[in-house]
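Before anything else, here's the structure in question.
The first chain written gets the first letter, and so on, giving A, B and C; residue counts start at 1 in each chain.
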């Protein structure tokens, strides 16, 4: 029948490259593979138990939490500030919008290269100036500096996206509400905190979830380019660990188990996002 | 010869039966209007003839051929939709030409047909425009043009004028009528507007809750409504109803409110003792002197419309339990000077009493 | 305009100053990379590097494109283009067909298919990399274009989007087409597709950028430098060990890696923004 024919390409691709691997991830997470990949031993939830007790894994969880919080706050905060200012302009906001949105097109990995270049211990411009000022920058050795650098590089690319949505959200607030507040005697910051920000909350919440998902997954390129998870796994976020344990360390069972855990995390985040979006539609 | 024949047509959606047995034979060239309130099933019936809904039981035949299992395209019908359903990305010309293109007609012939139809509908200058550039009335013409070029056996109209403003509607319905006359194509037209129905129809199908209560010419439906529903639906302002009882000797109609109506010479012996509903149209009442009055109207409100005056109120007299008959209206001449809060004596014109059995709601007689 | 009530002069200039600062912060890394791509290696190695563009633009870019470091950048650009176009077009084609099937036909398990598709909205490829890699390897898709493309079109976000759009098309239109004699595929091609033009274009922009910027998956599936895409290939241009990187060439490559998606965003800004908002709804 025609409809089934039309569905076939989609179903095929999705089955082969989505459901089957997803199922495989769950399946493999229940086994331990021997180093030569010849035999695998069923261990039930053993991999999971191990991970939950593993200091490295827990550290990775912590690292991810810190990393994503910083990235989210930094990129959303800066974007909000820019959006508020752009919103104040009658003319010219369009030009700024054009200028500020295209960093979205820059891949996280490329962003990583750009910022690595500026902070490179040998040739980086910024690290050189820091050194001149007496601060010895070395993100290769210093875990905090490494974290700082990947946070900056990750937030930088995200500003455009958040800016766009914040600007749209701000422009959707009716002028009359603002003017009423002004007549009531509220100056700019008071107006902002008591009226604008609450009215912006759907946008803010939405961006919060999206940014967290971004920080969890799409920042792989940044980390791999700048620090490869180091120094000593200081910047190994969860998704990076899946990669390094699975491909570099060849520990398929553990990597699969980590994938499953991430799957659950994303699932929860998406459900939250979806529930909220649904309510937003009726807003 | 494009006849339409519906035999015991029924339709159910799941458990609910929405069309409960329709029988009608439509002759070639007739404009049949299916009229009724929302939810009566008129659109469903039309769509079944179109082939957009399946038939649960019964037969539909066009030109003598049973079409139950045929696709719309195979039935040689054309349809005009309520929201025009014009293809938004195609020009007016292409909208009209689309069906013909699919049928594989040569370009020259398509162009000719489209031009002729456009001329008929006075939309020639819009042929290159897009639907979004047209007004509602113009779009409706294009929708009709699309139907005309197909030169089908049957036209189907699904409330095509409902989305137009009142003035445009009046103008357009006359154009539709003229168009159908000159083309001579058998047409089924659905509307909920009884004025539209009366002006357009050769015959009416008055539908209520899935049943055709009456199928007849407009005047017949007006003068001899087959049921209380039809009587109340056709005619505006609607017919007045008075519950009454026929006396045992068949000579008197006694209103439940106590008064007696028309005691002389009624041959209603066969219906003696029956409980009935009397229907009187507002336009069949005239002001008179109290001694010649059949009824007295206690006036509640007066509407001066210029050409007519509508008087609303209730019939005086009380039934044993104190009930008054409210919502009674009379249509008098425009220059009638009426004072509110007065009692208005009214006389019923001859032959203007419609009698309906109160139980079955069916027509008994007109006197 | 939530703040534009008082129109005093200082506020106006401050606002512009703030925005200009924002623009500078956003542009600085890119500007610096551009400068680096136009000067010579020695100038960079001896910090601080110059802050105005040099005169070696053509040399550096030519070197990058023609020889690159482990593969010519021109080759990498080509690979990226094939991949990005493949993902964008591939995803659009399969999803518009399946959305059409789901919305306009009634068939058994229709709801099941819809929910299955819905599930795939949730998982980015990063969560299933190891087994996806195994599946791709088993199909012999390593170091191949299909290998680059197919796993990335597996999620059904676009199907969902088209479905939402098709639901807004009035039923009457489909019925009118049916009465006109158009079969389902005819209706799809003559009427539904043209009406979907803007949605398709907007989606294309988003998907092209998404595809172009992929990093992790191309990293895994390519071992041959000739199959590198430009975004993932940059990292591999860095030397291992203590050698100094060929910064001008690397930065030139970075500039080239940014060029197509940025061009798309700028020239198709309206469509891009529309696409962004639609996909996130």
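By definition in this document, a contact is a pair of C-beta atoms (placed from the backbone, for glycine too) under 8 Å apart; a residue touches a chain by one contact, two chains touch by 3 or more.
Everything quoted here is computed from the prediction, not taken from an experiment.
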| message | Edges wherever two chains touch, nodes for the chains themselves; is that graph a line, a ring, a star, complete, or other here? | response | line
| message | If I count C-beta pairs in contact for every pair of chains, which pair wins? | response | A-C
| said: Relative to chain A, which chain's C-alpha centre is the most remote? | reply: B
| What is the distance, in whole Å, between the centres of chain A and chain C, each centre taken as the mean of its C-alpha atoms? | 17
| field | For chain A paired with chain B, centre-to-centre distance based on mean C-alpha positions, whole Å | value | 64
| query | Any idea how many Å lie between the Cα centroids of chain B and chain C? | reply | 59
| task | Two or more other chains in contact with one residue: find those residues in chain B. | result | none
| query | Can you list the chain C residues touching chain B in their complex? | reply | 170, 172-173, 175-182, 186, 190-191, 194-195, 197
| query | Quick one: in the complex, what on chain B touches chain C? | reply | 50, 52, 71-73, 77-79, 81-89, 98-99, 102-103, 146, 150
| field | chain C - residues contacting chain A, complex | value | 1-6, 11, 15-16, 18-19, 22-23, 25-27, 29-30, 32-33, 36, 44-45, 47-49, 51, 93-95, 97-98, 100-102, 104-105, 107, 110, 113, 116-117, 120-124, 126-136, 150-151, 153-156, 159, 184-185, 209, 212-216, 219-220, 231-232, 234-235, 244, 247, 250-251, 254, 257-258, 261-262, 264-266, 269, 272-273, 276-277, 280-281
| note | In the complex, chain A touches chain C at residues 1-4, 6-7, 9-11, 13-14, 16-22, 24-25, 28, 78, 81-82, 84-90, 92, 96, 98-111, 113-115, 117-118, 122-125, 128-129, 156, 159-161, 164-165, 168, 170-171, 173, 175, 178-179, 182, 188, 191-192, 196, 206, 210, 213, 217-218, 220-221, 224-225, 239, 242-243, 246-247, 252, 255-256, 259, 262-263, 266-267, 270, 277
